[in-house]
Structures are given as C-alpha cells and as structure tokens.
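The structures come next, written out as structure tokens.
Next come two complexes, and both contain chain A; in the first it sits with chain B, in the second with chain C.
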Partner chain A sequence: MTFVDHYPKAARIVKANLIVAFVALGIGGFFGLIQALHRTDVFRGFVSSVQYYDVLTGHGVLLGLVFTTFFITGLYQWGVTRTLEREPESSAFSWTWFWMMVGGTTMTATAILGGLVPGSGMSAAVLYTFYPPLQAHPLFYIGAALLIVGSWLAGADWFWTYRKWRADNPDARIPLQTYMVIFTWLMWYLCSLGVALEVVVLLIPWSLGVVEKIDPLLPRTLFWYFGHAVVYFWLLPAYFVWYTILPKLSGGRLFSDPLARIVFIFFLLLSTPIGYHHQYADPGITLVYKMWALIMTLVILLPSLMTAFTVISSMEHGARQRGGSGYFAWMGALPWGQPAFVGCALAGIMFAAGGFSGMINASLNIDMLVHNTAWIPGHFHLTVGTAVALTFMAITYWLLPQLTGKALKFKNLALAQPYTWFIGMTLMSNALHRQGLAGVPRRVAEPQYAGIDYEVPFGTMAEMDWQVAIGGTILFVSMVLFLVVIGGTWWKGAPATDVDDVIPPALSGPEHSPKILDNLTLWMGVAVVLVLIAYSLPLAEMVMDGLFSPGAFPAPM
Partner chain B sequence: MHVHRFEKLWIGLSLVLIAAFIGIVLFGFTVMDLKVPGVETGETVDPATVLSEGPFAQPGVRKISDDHYEVYMLAQQFLFRPGSAQPLTLPARTKITFHMTSPDVMHGFEVPGSGLNTTVIPGQVATLTTRFPEAKTYGVLCHQYCGSAHHNMQAEIEVVPPSEFDESNLIAQ
Partner chain C sequence: MPTDEPEASTGGGTTDEASGKARDLPLDEFQPYGTLAVTGAYFVLLLVLYALLYFVEFATHAPHIIE
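Let's turn to the complex of A and B:
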C-alpha cells in the first residue's frame, strides 16, 4: 500500500501534472541543444539565426515557466495530500485548475512554435521575459495569464484542504511539507500579482490593439517584481525535497524542523522586494533602490547558507547511521549508487557553485562586468537548470513508484543520468561563465562579431565554444536517459511490492519551536509591508505620468 | 529551540561573507571606479518624437569643455548612431558622458573591455560618464535582444590621443 492506493484521486492529479512537466522538458531540452550548437557555430543547420529567437523563447518558456510550474504543482499536491492525509476536497476543482494551466500553456506554446512555421501568421519571439515594445501574438499573453491564474487556483485548492484539516486538528502544528507549500504559495501570490497585472492590464489590451502605445519601463519593472521571486518559486520546492526527503535518502533524518520553518519565512519576506537587482543596468531606477536591492539580496543569502548547513549535517547524520566515520570520510558511506540520492546531492553541489556566481551578480557594480553576458545563463543553469531541474528529475525516481505502484525500470540508466548531467553542466557552465567574463553576450544567435576581439581572461574562445557544445550535447543525452527511465517505468514497469515511501520525523521536531512560526497572517502582513516599502514610490512615479507613457509603438521583430 | 554551536558559528561566518560583499561593492565604486547607470539620473523623453526633437534629433559628439565631451547616441533596430555606419571617434583620458535612448525597442550597450554596460530603454535616457584610459579601438555590441537582426547590431569606438582628436565633426551646442 502506498500513495496511489491511499489517495487515488490525488495521485491522478499529481501524475497529470508530471506528464505535462516532462513533455515540456523534452521539447525545451531539445531546444537547449540547438542553442548550444548554434551559438558556438558548431552546427547551424537546425534553424536560421532569425528562428534562433523563436527557439530561445521556447526554451525559456517551456523550461523556466512550464516544466517548473507543473512539476511544482504536482510535487506540492503530493506533499499536501500526504501530510494532511486528505484527498482533494473536490476533484472537479482540481481538474479545473489543471486544465486551465494546460490550456494556457498550449496557447502560449502555439504562439511561440508558430514562429517556426512559415506562413502561420503567428509569432512570439519575445523571449520568456517578453519586454515590450517587442510584441507577441495575443495568444502568448492570454496563455501566460491563464497559466498563472490556474496556479493560483491550485494554491486555493491546497488552502481548502488545509482549512478542513485545521478544523479537525485545531491545536496541531502544521506538518512541515504543508508548511513549506503554504509559504511558497503565499510568496507566489504576492509576486505573481505583479506579472499578472503586467499581462492583463498592460500587455493584453496593447497586443489586441485596444491601446496603441506602451511605456516600456513600467512592464519591465512589474516583470522583475515577479522575476526574482520566481527564482525562489523554483528553488523552494527543491529545498522542500532537500529538507524533507534527502535526509531520509541519505539514511538519516532531518536535523531541525524549526530551522526549516525559519528559512521559509525568510524567503516569504525577502524574495519579492529585491527585484531591482535585475535592473541594476537600467536607467530610470535610481541608485537608492539599487542599493536597497543589493543589501536585501545579500541578506537573502543567509537562509540559503543555513539550508546548506542543515542539509549537509543531515546527510552527515545519515552517513554515520550507515556506518560512516571520520572528518570527511563519512561522505563515502552515502548511498552513491541510489539515483534519487545522487541526483539531489549533485544538484546541491552545483547549487553551491551557482550561489557563488550569484553573489557576483548581486554585487551591483561588479555585476556591470557580466550583465547580460553568457555568464548569466552560465549562472542559472547551475541554479534552476541543475539545483532545481536535477533535483526534480532525481526525486521523480523516488516518487514514481508511489504514484504508479510500479517499480523503477532501467535502474542503471537512472543512476547514470545524474552523473552525466553533472558532467555536461560542468563543461557547459564553466565555459559560459568564462565567455561572459570576456564580454560574450547572452541571447545572441551569433555572438561572433567582425569588429570585436574578445579578450579572454582564461583559456581560448575555441576551447570554450567546444565545451559549451559538448556539454550541451551530454546534457541533452542525460535528459533523454531520464525520459526513457520515466517512460519505461510508467508503461512497462513491474508492479512494485513494497514501495519505500516513509519519511521519518526530524531529530528536533516542531514542538521545540515557538508557535509564532506558524502564524500565516503575521508573516504575510510583514511581507506585504516590505513590498510596499520597496515598490510603492517607483511604481507610483512610473504610473503618474500616465499608465502607457512615455509611450512607444509596438515594434516588429 | 536549540541551535547547535556549529550552526551558530556558520551563521556568524555567513554574516561576515555578506558584509564582505557589501565591502567589495564599495571598493568597486571607489577604487575600481566602476559605473552603474542610474547614478547620474537621466530624464525621460517621448520615443515618438525623439528622432525629430531635442538633442537626439542630431546624435553625435558635443563639446562641453576642453576636458569634457558628451555623446548623444541612439540605439535603434539594428544600429548605433553614431558608431555603426562609421566608427565614433573620441579622445583618450578625457571625460566623456554618453546619453543614450531608443526610438523603438529596448537595446543594450556593451563595450567589452571597458566596463561600460547599460540597458537602453525607449522613453528613458541612460547616462554614463567615463574616461577611456588609452588610445585603442573598442567594439560595441547590443546585448539586449531587440529583434531578428539583433546579432548584427554592432559599432566601433575609436579612441585616439587627445592631440589627434579632430573637432571638425562636432555638433554645435
């Protein structure tokens, strides 16, 4: 008896979400391969350099927004159902949000892929940041809005379950997994409000021609109001896995439940008011706000550093339970032959490297040396592209038997997958970082310019190009391995006899922590105040001179 | 609630690291003289009329004093004016203030090897002041995706010794 037997309704919803996530991963990953080969001029036969931007839009949207969101809603549905021990209150409602998100995704994807089909009359090569006045087909924006609203309803579904649970358990502490879901979604409501306003109030009317001109800075600012918090929207579910499942996979238990709660409170409070750090290079945002963003961004390092500590000490505890000893030798006692463990652990290691390059990005003026260069995709393929994506893939190896009742197939391929991802990403990411230091721009189909001789600080340009191309190819192969293992298990997996789905309680449980940690109204209130401090003045200034001015006309791509 | 001794130490070290990065930024501003757009507050302009009215109607180099020139530059689909059709010539070791805007979509302005880096946003004027340390030719590229020929958008800045700087192409104030 496992999850699928106890909660068949929830299991179906979780599986449906994961399927969409993995389809998006497959298409988006193929686009990634095209980019890695095209940019480096190793092979430019897939698409033209004009179509490159359709592909790049598809890659960013399908991986950054679709794969992540659907995986997260699936994972969180599992966590809420499992820890509150309740099926969704209404299947109809759950399927409503799911199909709303799928409908939105289909519209947006149609608009993007239309750009690759000559004569379709549709295109959306605006990249996943869709800064106006570059204008996409209206379907692109309408679909994006539906995806976001659908995710809001998913959250509402979980709050509904939570309230029912609360009525039955008036004095209980919120179980840790549900606690993390709630805090992630409080943050998500707060931040996605920005992009929803951007899309619904400004971009949809403008793309339909209801208003003619648009003020480029206001939507850009609203986008980044959302756009930094969205990285925590990706990351917190990975933390959810690292805190609540990884210790068990290492053979032990989570060190401290209360510290995990404090970390999630930090993220709710600090994720949104720091969006300006994506606008360090913008005119029209004054230095005061850039300095505020700098300081808050560095402060938000703290909960991540605390996470590193807890996760590593929980793994050490697990290793010692398994008989490991010594200062460092205990690491050898970890289950390096278990795909789910290996994926999460390697993801964590890459995240440490990504965190370091992120500190450089955060450093206001140092960032000017790397802003919008290849350094940036180098950085976030370590964070969202590995810490998050590899954790999601790895934990699927552990979740899928619980969701399908089938044993994992192709265990050797599953074990090879995280290692190959790690190798591919080491090659691609180090080279992108170094190219960025030389000034090679990101988001460019052909970053080779007649008049520019990049001064390469370490290595040579040719060597870096090859590392990007080979690394990208290995990553693509690794992703195919993942899809083969998942598809194989799903369709051909043998019924599992005893599925491993137990998570032992933390060494130090919630009963040792003040109840105020569970006060949702309080923390949401503080988060709103911090956002108002950071954003009300600049936004008021941009809105005061007219919502759509200084206005620019829509421009063709 | 019990916090382990090592964890307290770790949090302490983390705070030191955070302080160190704030220190690095201050070092960047003072010793390394790094530029950040938005320090010199630019104004707003109307993208619909910027090509016909005001200083951007005549992009180019203007002289403020013997030691200070300013450049009004347009970034537009898919060229920099001045800079793309012909290299932009500027004197070395002299104070140069760039004012940049765009009449169409967002663009980027990156000069590899110089630390100059800004977003160019329609409606906003990006202002950056620098001194090029030596006579040398710099490439300029657009690093903010701006449309189908984005990857062809580039320019050149030719920095010459101040004594060789030809003032006959300046735009009258």
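Let's turn to the complex of A and C:
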C-alpha cells in the first residue's frame, strides 16, 4: 500500500501534471541541444538563424515556465495530500485548474512553434522574458495568463484542503511539507500578480492592436517584479525536496524542522522586493532602489546559507548513521549508488557553484561586466537548469513508484543519468561563464562578428565552443536517459510490492519552535508591506504619465 | 506497506544500500563537525574567488579581464 492506493484521486492529478512537465522537458531539451550546436557553429542545419529566436523562446518558456510549473504543482499536490492525509476536496475543481494550465500552455506553445512554420502567420520570438518592445502573437500572452491563473487555482485547491484539515486539527502544527507549499504559494500570489497585470492590462491590448504604442519601462518593471521571485518559485520546491526527502535518502533525518520554517518565511518576505536587481542596467530607475535591491539580495543569501547548513548536516547525520566518520570522509558513506540521492546531491553541489556566480550578478558594479553575456545562461543553468531541474528529475525516481505502484525500471540508466547531467553541465556552464567574461553575448544565433576578435581571458574560443557543444550534447543524452527510465517504468514497470515512501520525523521537531512561525496572516502582511515600500513610488511614477506612455512602437519580430 | 525502516523497498530511492544503517544517532549525540568543515571550506573558497576577482577585474584599472 502506497500513495496511489491511499489517495487514488490525488495520484491521478499528480501524474497528469508530471506528464505535461516531462513532455515540455523533452521538447525544451531538444531545443537546448539545437542552441548549443547552433551558437557555437558546430551545426546550423536544424533551423535558420532567424528561427533560432523562436527556438530560444521555446526553450526558455517550455523549460523555465512550463516544465517547472507543472512539476511543482504535481509535487506539491503530492505533499499536501500526503501530509494532510486528505484527498482533494473536489476532483472537478482540481481538474479545472489542471486543464486551464494545459489550455494556456497549448496556446502559448502554439504561438511560439508557429514561428517555425512558414506561412503560419504566427510568431512569438519574444524570449522567455517576454516584455516589450518585442511583440508576440496575442495567443502567447493569453495562454501565459491562463497558465498563471490556473496555478492560482491550484493554490486555492490546497488552501481548501488545508482549511478542512485545520477544522479537524485546530491546535496541530502545520506539517512541514504543507507549510512549505503554503509559503511558496503565498509568495507566488504576491509576485505573479505583477506579471498578470503586465500581461492582461498592457500586453494583451497592445498585441491585439487596441493600443499602438507601449511604455517599455512599466511592463519591464512589472515583469521583474515577478522575475526575481519566480526563481524562488522554482527553487523552493527543490528546497522542499532537499529538506524533507533528501535527509531520508541519505539514511538520516532532517536536522531541524523550525529552521526550515524560518527559511521559508525569509523567502516569502524578501523574494519580491528585490526585482530591481534585474534592472541594474535600466535607465529610469533610480540608483537608490538599485542599491536597496543589492543589499536585500545579499540578505537573501542568508536563508540559502541556512539551507546549506541544515541540508548538509542532515546528510551528515545520514552518513554517520551509515557508519561514516571524519571531517570530510563521511561523504564517502553516502549512498552514491542511489539515483534519487545522487541527483539531489549533485544538484546541491552545482547550486553552490551557482551561488558564486550569482553573487557576481548581484553586485551592481561587477554585474556590468557580465550583463547580457553568455555568463548569464552559464549561471542559471547551474541554478534552475541543474539545482532545480536535476532535483526534480532525481526525486521522480523515488516518487514514481509511489504514484504508479510500479518498481523503477532501468536502474542503471537512472543511476547514470544524474552523473551524466553533472558532467555535461560542468562542461557547458564553465565555458558559457568564461565566454561571457570574454564579452560573448547571450541570445545571439551567430555570436561571431567580422573584424572583431574576443579577448579571451582563460582558454581559447574554440575550446570553449567545443565544451558548450559537447556539454550540451551530453545534457541532451542525459535527458533522454531520464525520459527512457520514466517512460519504461510507467508502461513496463513490474508491480512494486514494498514501495519505499516513509519519511522519518525531524531530529528537532516543530514542537520546540514558537507558534508564531505558523502565523500565515502575519507573514503575508509583512511581505505586502515590504513590497509596498519597494515598489509603490516607482510604479506610481511610471503610471502617472499614462499607462501606455511615453510610448514606443513594437520592435518588428 | 509503509514501515519505519527503510529496508523494505523496491522504489528508486532508498533500497538495499540505504539500509546499510549501522546505528541510530540521536540529536544530542550528533556533532556536525563534517558540516562545519564543508561549509567552512566553501566560505574560504568564496573569499579566495572574491580576492581573485579583484585582481582579474580591478587591479589593472582598465575595463579588461586580464592584462
């Protein structure tokens, strides 16, 4: 008896979400391969250099927004159902949000892929940061809005379950997994409001031709109001896995449950007010707000360092229970032959490296050296592209038997998968970082220019290009391995008898922590106040001269 | 059947190997020296990289990476 037997309705919803996530992963990953080969001039036969931008948009949107969102809604549905021990209150409602998200995704994807079909009259090569003056087909924006609203309803579904549970358990502490779901979604409501307003109020009328010109700064600011917090929307579910499941996979128990709660409070409070750090290079935003964002960004390192401490100590606890000892030697006692563990652990290591390049990005002045260069995709393939994506893939190896009642198939391929991803990403990411230092731009189909030689600080351009191409190919192969294991398990997996689905309680449980940590109204209130401080004046100033002015014409796409 | 021992498993996560649990380590006997060592090492690495950054980016007073 496992999850699928106890909660068949929830299991179906979780599985449906994961299927969409993995389809997006497959298509988006293939686009990634095309980019890695095209940019480096290793092979330019898949698409033309104009279509490159359709592919790039598809890659960014399908992986950054679709794969992540659907995986997260699936994972969180599992966590809520499992820890509150309740099926969804209404299947009809759950399927409504799911199909709304699928409908939105289909519209957005159609608009993007239309750009690859000559004569379709559709195009959406606006890149995944879809603000003006680049303009997409209206379908793109309408679909994006539906995806977001669908995710809001998913959250409402979990709050509904939570309220029912609360009525039955008036004095209990919120179980940790549900606590994390709630805090992630409170943050998500707060930040995605910005992008929803951008899309519905500004971009949809503009793309439909109701208004002709658009003020570039206002939608951009609204986008980044959402655009930094969205990285925590991706990351917190990975933390959810690292805090609540990884300790067990390591053979131990979570070190401290209250510390995990405090970390999630930090993220709710600080994720949204720091969006300006993506606008360091924008005119029209005063330096005061940029400095404020810089300081707050360094403060938000704190909860990530707390996470490093808690997660590493939980792993150490596991290693010591498995007989490990010493200052560093204990790491050898970890289960390096278990795919789910290995994926999460390697994802964590990559995240530590991404932390460093992230600190460079956050530093207002140093950022100017790397702004819009290949350094940036080098950075975020360590964070969202590995810390998040590899964690999601790895934990699927552990979740799928619970969701399908089938034993994992192709265990050796599953074990090879995280290692190959790690190797591929080491090659691709280090080379992208170094190309960025040499001034190679990101988002360019043919980043080579007549008469200009890049000054390469470390290595040679040819060597870096090859590392990107080979690394990208290895990553693609790794992703195919993942899909084979998942597909094989789903269709051909033998029925599992004893599915491993037990999560032991934390070493230091919530009963030792103040109840104020669970006060949702309080923390949401503080978060709203911090957002108002950071955003009300600048936004008011941008709106006062008219929503669509000073206006600029759309860039032809 | 969910049990409190990770032994029983056919899932992709903890299987035979993870049941290599040698002992039960309660909170008050657990001294996370390894965590201290690892996070300390990361912190030192950050400082070294920051120092390196200063030399490669600023010590030349030019907008170049190295020279």
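Here, the second predicted complex is superposed on the first by the 556 of 557 C-alpha atoms of A that agree within 3 Å, B and C clash if a C-alpha of one lies under 4 Å from a C-alpha of the other, contacts with A are read in each partner's own complex, and residues count from 1 in each chain.
One rule holds for everything that comes next: a contact is a pair of C-beta atoms (placed from the backbone, for glycine too) under 8 Å apart; a residue touches a chain by one contact, two chains touch by 3 or more.
Just so it is clear, the model here is predicted, and its values are computed rather than measured.
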item	value
Which of chain B and chain C A:Ala438 touches, first, second, both or neither	both
Which of chain B and chain C A:Leu369 touches, first, second, both or neither	both
First (chain B), second (chain C), both or neither touched by A:Lys248	second
Which of chain B and chain C A:Gln338 touches, first, second, both or neither	second
Chain B versus chain C as contact partner of A:Pro118, first or second or both or neither	neither
First, second, both or neither for A:Glu455, with chain B first and chain C second	both
Contacts of A:Phe309 with chain B and chain C, given as first, second, both or neither	both
Chain A residues touched - chain C or chain B, whichever exceeds	B
Which superposed partner A:Pro170 touches (first chain B, second chain C, both, neither)	neither
Chain B versus chain C as contact partner of A:Val499, first or second or both or neither	second
Chain B and chain C contact sites that coincide on chain A, given as residue numbers	255, 305, 309, 313, 359, 366, 369, 438, 455, 508
Chain A - residues contacting chain C, complex	1-2, 245, 248-249, 251-252, 255, 305, 308-309, 312-313, 316-317, 319-324, 326-328, 330-331, 335, 337-341, 352, 356, 359-360, 366, 369, 397-398, 400-402, 407-408, 411, 414, 437-438, 455, 457, 496-502, 504, 507-508
Chain C to chain A touching residues, read off their complex	1-6, 8-15, 17-18, 20-27, 30, 32-35, 37-39, 42, 45-46, 49, 53, 56-57, 63-67
Touching residues on chain B, where the partner in the complex is chain A	1-4, 6-7, 10-11, 14-15, 17-18, 21-22, 24-25, 28-29, 32, 34-39, 41-42, 44-48, 77, 103-106, 108, 110, 112-113, 115, 117-127, 137, 139, 141-151, 154-156
Chain A residues within the chain B interface of the complex	49-50, 53, 125, 127, 131, 133-134, 213, 215-217, 220, 255, 258-259, 279-287, 290, 294-295, 298-299, 301-302, 305-306, 309-310, 313, 359, 362-366, 368-369, 371-373, 438-439, 441-447, 449-455, 508, 512-514, 545, 549-553, 555-557
